[in-house]
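What follows is a pair of complexes built around chain A, which joins chain B in one and chain C in the other.
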Partner chain A sequence: MDTLHAHLEALFDDLELVIGWETGYEPLRPTPAFLRSREDLSRLVWNPLCAPNLSVYLPGILKDAKETGKKIGVCLKGCDSRSLGALVQEGFVERERLYVVGLPCPGTVDPEALAEARKSSAPVTHVSFRDGLLAITSRDGTEEIELERVLARRCRRCRHPNPLHADVILGDPVPPRRTEPSFSDVDAVEAMSLEERRAYWEEELSRCLRCYACRNACPLCVCRDRCLAESRTPKWTTQRDGVRDKFLFHMIHALHLAGRCTECGECERVCPVGIPVALFKEKMARIALELWDYQAGTDPAATPPLQTFDPSETGI
Partner chain B sequence: MRIGVFVCQCGTNIAGTVDTRAVAQRALDYPDVVFATDYMYTCSEPGQQEIQNAIAEHRLQGVVVAACSPRMHEPTFRRAVEKAGLNRYMFEMANIREHVSWIGQDRAANTLKAMELVRMAVEKLRRNEPLFASEVPINKRVLVIGGGVAGIQAALDCADAGLDVVLVEREQSIGGKMAKLDKTFPTIDCSSCILGPKMVDVAQKENITLHAYSEVESVSGYIGNFTVKIRKKATYVDWDACTGCGLCMEKCPSKKTVDRFNEALGVTTAIQIPFPQAIPKKARIQKDACRYFTTGKCKVCQKICPTGAVHYDMEDREVVEEVGAIIVATGYDLFDPAPYGEYGAGRYPDVITGIQFERILSASGPFGGHVKRPSDGKEPKDIVFVACVGSRDKSVDRPYCSGICCMYIAKQAILARDHLPGVNCYVFYMDIRSPGKNYDEFVRRAIEEYGVQYIRGRVGKIYPNGDRMVVQGADTLLGAQVEVEADLVVLATGVESSRGAKELAEKLRISYDQYGFYMESHPKLRPVETNTAGVYLAGACQGPKDIPASVAQGSAAAAKVLALFARDTIATDPQVAGVLESACIGCGKCLSVCPFGAIQWKTLRDGSRKADVLETVCQGCGLCNATCPPKAIQLRHFTDDQILAELDALCA
Partner chain C sequence: MEQAFFLADAELQEALAGLSAQADVWVPASDARKPGLVRFRRFQPGLTVRLDARSLVSAKEVLFPRSETLLRFTKEKDLSVPAGHRIHLDDARTVRPVVVFGCRPCDARGFLTFDPVFTKGPYRDPYYSERREKTTFVSLVCRDADAACFCSAVGSGPADPEGSDAQLIPVDGGYVLRPVTERGAALLEPIGRTAAPEQIREAQDVLDQVGRETVGEGSLTTLAEAFRARFQDPAFWHAHIDKCLSCGLCTFVCPTCYCFTITDEARGLNGERIRSWDACMFPHFTLEASGHNPRPSKVERYRNRVGHKFSYFPARYGQVACCGCGRCVRHCPVSVDIRAVVRDLPAQEEAHA
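Up next is the complex of A and B:
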């Protein structure tokens, strides 16, 4: 973390803005930070609780930013960097206007699992991380918890802990937990009979509030306030309460992410009612991989498979 | 909206398994339907009149006809409602024949399904909007691709009618396969004597621009206004200066160049004019054979050329032509017999192909018209012809009949006997296919007057025996194995699609079948049109054809172009994409998927960029709509809301 501060300090004159994480209302929940002055840099934090994928802000910030010649600095984990790659591929982000600080990521914490693992329930006053151990301090003292025990689902299947497309990598590379794509969670759903699967999703999606947090957190949901789920013309979904329209919304989200989803898992992380919505997109990502050997966001020069017309394409 | 529903009985075609009266009755319950009836033949004159009367009487604002496929009759009914004062797009058709009565026997189920289809059409119609075509001017120039006999005919017919014609031929000379033929069935007239004058006409007509040794690079635009980029390949000879005198060919030291015009039966020089009647009669250097290009030393032709036409530094050049219509006449290629290893083509010099034998027969061919065999130049005493090599054989993926081989075998056998009266000709065949005018008589002549011996059966193997070949096969009529000794074996290799046909089709956006032959718009009723408006077909590029059929189709394609050009403007189809700017997020995905390049950027006053459809270029394929995430781009007459309404009606 000290290297992060020092590195950005040294560069700050060339930067318009630095996007990173800072401690939120409690140390367990760092929130995105947008730092415009040198003094603020000290607020930056970096640890396995820095979950938000900051690439989601880039299209909007770049659109509004004045051309000062200065770059916008952004801290990205491995999975976040793939999202950046996909945004570059689709022309939403001009890579040369950014200074990308890549942070090799040990994995992020699933807050539910952490609450479960803690013995104390007292408010946390301090968090630190070393050698795979989280040290959580509260008035009851300091507890040490293995990160591996409280890892988020997305991180268990992560193959890209080390950022791509970065200007600088701060920290030692992390050995990936997976070297091959893993879709075991999708497999588990697909192993269900059709009836079971339908019941499973009806049950899960019946909780959906249509708060659209999943959509808003997705770096590749680029329609912003033109979302089809809220459009009157054309009218794909109604505002009726019921699993039918919720389902349709999630199908739209999944299909819009076909061949584009970078598997960052943000949609699932932010869901206030804990619906595993990333599974839909993981299924799409698997199809893209099997059909075109394509992984969104890994090659900024590649054309996304569904965004081209190639009459000689076969096998589809 | 006030909607009228007309349910057609189509005689008993529909009424046989659908209760059309009940369907009409039920339609009266659907929203906005104020009139419904059934009728014997809705497409007939009185049927159309009935619709028009009902529009007036019931003040209808939209019409649904439940009948057959819209493919045939949608235009009929659109015209009918238009005559009665409605916009032609305030009309919907429900297909209750192909989709219902013809495919199911259960009357109750069929009737129910017909009702549902009508309900969907009503719901769609309720969301239809009047659409209006616009008129764009037609550029009255025509591009002909391929200068075989079909393309030549099309070009000449268009030019005779006063059109500007651009003819692109990828070889050095026009003429196609016919230029290589000796005589032609069924009249045995000399091929170059009848083709030659037409080729000369092409050169002399002032309104024909010939780009020989050129290829189409890209095609953009649409009917009435195509832009075509043509690559003129480097010939290393300035054709404006070259007089075709041929001095260079006399002096060129590289005299062992394979003569492709003579189907590799002879040799020529590196700088070459392919044949004496070539049009244009200009020389070209074949780079891989030229001493200068391969060793850096020579330049003999440059020194000898009296007009200084040779330029070794010439490069490919691109020209752009603007045309209003395109005729594709790229012909065919011939099957490579290598997959039939047991026939030994390529291995034994005296096993040759039909087109090679044409060259042997030809007075301008490698042997000056003396029938000799390639190996030792001896006159053959026995010639065996093998039919269907690469035709009607699934094992080599050529299940279709090439159509011309039976006839050219009979011709070649007759000509062989004319040249060498003592020669014996044998033909191994599967069936004889000779359905053209005077064709069967021609084959009979070969058998009866010329004593050609026809053996019905497949050849199993061809192998050498001394300096002769043994052809082993079955005689299925005798039910016995036969062996015929021959000095020369001619394999009648079948017709396949022209090399590069698929790539060209992609550029033109026309469809092709699995063998690469171009697809006509309708096999019976639109045989020279393609599904891309303004692009027409002529000759063997559409399927195997002989000369009379190729010429007829060349003229037919010309007639289609002339009919198109008889008007000054063309109405555009308003069923195209349109962008709802307030919803467009400017993501550009539609621009990248549009196969026709029909979408461009437009900048609004606030500086934001939005997609913008060029309505005349859009073909209404709908890819953009499927891709657009906020569905800001919609296909008119097939909007999401219209289709969703149909789905809702179906699921209700």
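Up next is the complex of A and C:
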């Protein structure tokens, strides 16, 4: 933490702003921070509750930024850095305009799991993190909870906790929880019979509000205000509340991320009704891996497989 | 407390089943697969009713469905008329009585924002109004405010009876049911037994104690003017809203956001005119036919959300359009805090330079 502050302070004259996290309305909810002055830097926090993937802001902020010659600083976890890689690959972000602070990531907390693990439900007044333990303080006292018990699903399968493409890495590298890609959650759904699987998704998707938080939180959903989910001409989806239209939206969303999804799990994290929508994209990521040995966002020089054509490709 | 009934914990399912005979009863309930996920669901025996938990989405959809059919249409070929077809419309509907049972005071109060808009005219909305007239709210006196709740800051509070027809007051072994309106009394009579004097005393103590609690700091009800003064201060809005993702989540979980769109969904010669939730956070909401969008970015969109609730609505209807339920704060993917934005409206310019 001190290293992060000190590092950015020393550099601040060369930076337009720094995007990081600061304490939100409660210490349990760090919120993205856009720090525009040296004094602001003291608000920065970094801990396993810093869930939002900050690369989602980069295309917009770079488009709006004045040409001052100064760089934009951004703090990225491992998975966030893969998203940056993919944005660079697709030409949405000019890497040289950024100063990337990579933060080796111990994993992030699943708020629902944390709520279940806590004995107290009182508002939290203080949080600290050390040696794999979260210490959570409220008027009922301090509880210590192992991070491993309350880890987000995305982090259980993470192979890239150590950021890629960074200008500087602050903190010691962490051992990845996985060294091989893990698709066991996709496997579990695929192990269901067709009827079970249909019933599973019908029930999950019946809760969807079509709030599109999953879409807007996705760093690779770059259509922004031009999404076909809301387009009336042409009309792809209706405004009915049935699973049909929701399913169509989610299928299109997933297909648009084929060979692009960087598995940061933000779509699933932000869903207010807990639909495991990242599974669709994980399925796509697996196909990209098996078909092309390709992992989005890991190599900024690589061309995404669906943005090129190679007549010698077989098996497609 | 003059008249009150007692409902033991063990009798809850039976009481709800009894109510369901005459009405659609909506209760906070959790999903079998996701115990932490509490939503309003139509009661059926065996449902896991969760009066102890705050519901994630508000009770709004009970009276204002996510998507509702306003009318059905069929086209019939008829070459004797210039258009070549006749259109038949059918807006027949049946409205069942509804009971919202075990919502929080803020949920019931949320509809007080809908009422003047949908029921008072000049354009009375028959769909909402008909349902509203047949709905009874039984709210639970609330003892577990979290860090996002701020009902007291918008002139309400965790024991607020306004908007409720009856109150559920947790006491030893169950609930004391206190009627607030005649409709509430009529609903409760058949489902509870008359409460014993000591139960009434205990309930009164709970009411008094919770009634004294303040949930949320300060008051956010008098900032209409401050909002107007801030309207053209881009630095202020950027400082608060740069992190917003411009999704529709905050408005969809909100009990007082009532914006909608109307679309015709047809297949062949038949179709339906549908009303579905829309939101000022979406780009299409203000997209004009020319392609111009007067709210081109999230900054103008979120500013509208704040202005509508804390300035335009109060100017027109004399009350803020927010019940302080905290859902938009609690569920926002990036923890945008509407309280902080509103509270800062009158603050010094320099703070955001």
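The working rule: the second predicted complex is superposed on the first by the 316 of 316 C-alpha atoms of A that agree within 3 Å, B and C clash if a C-alpha of one lies under 4 Å from a C-alpha of the other, contacts with A are read in each partner's own complex, and residues count from 1 in each chain.
Just so it is clear, contacts are C-beta pairs under 8 Å (C-beta built on N, C-alpha and C of every residue); 3 or more make two chains touch, one makes a residue touch a chain.
Just so we're clear, the structure is a prediction, and the values are computed from it rather than from any experiment.
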item: Room on chain A for both chain B and chain C (clash or fit); value: fit
item: Geometry of the superposed three-chain model: angle at chain A (Cα centres of chain B and chain C, steps of 10 degrees); value: 120
item: Partner chain in contact with A:Gln239 - chain B first, chain C second, else both or neither; value: second
item: Which superposed partner A:Phe34 touches (first chain B, second chain C, both, neither); value: second
item: Chain B versus chain C as contact partner of A:Phe309, first or second or both or neither; value: first
item: Which of chain B and chain C A:Glu90 touches, first, second, both or neither; value: first
item: Contacts of A:Leu134 with chain B and chain C, given as first, second, both or neither; value: neither
item: Residue contacts on chain A - larger count, chain B or chain C; value: C
item: Chain B versus chain C as contact partner of A:Asn216, first or second or both or neither; value: second
item: Which superposed partner A:Leu151 touches (first chain B, second chain C, both, neither); value: neither
item: Which superposed partner A:Leu103 touches (first chain B, second chain C, both, neither); value: neither
item: Closest Cα approach, chain C to chain B, once both complexes are overlaid on chain A (Å); value: 7
item: Intersection of the chain A residues that touch chain B with those that touch chain C; value: 224
item: In the complex, chain B residues that touch chain A; value: 506, 580, 583-585, 587-589, 592-595, 623, 627, 629-632, 634, 639-641, 644
item: Residues of chain A touching chain B in the complex; value: 90-92, 222-224, 226-228, 231, 233-236, 256, 303, 306-309, 311-312
item: Interfacial residue positions of chain A with respect to chain C in the complex; value: 24-26, 28-34, 52, 56-57, 61, 112, 115-116, 121, 123-124, 203, 207, 209-213, 215-217, 224-225, 230, 232, 238-241, 266, 269-270, 272-274
item: Residue ranges of chain C in contact with chain A within the complex; value: 31, 33-37, 39, 56-57, 65-67, 144-148, 238-239, 242-243, 245-249, 251-253, 261, 263, 265, 274, 276-277, 279, 282-284, 329, 331, 333-337, 339-340
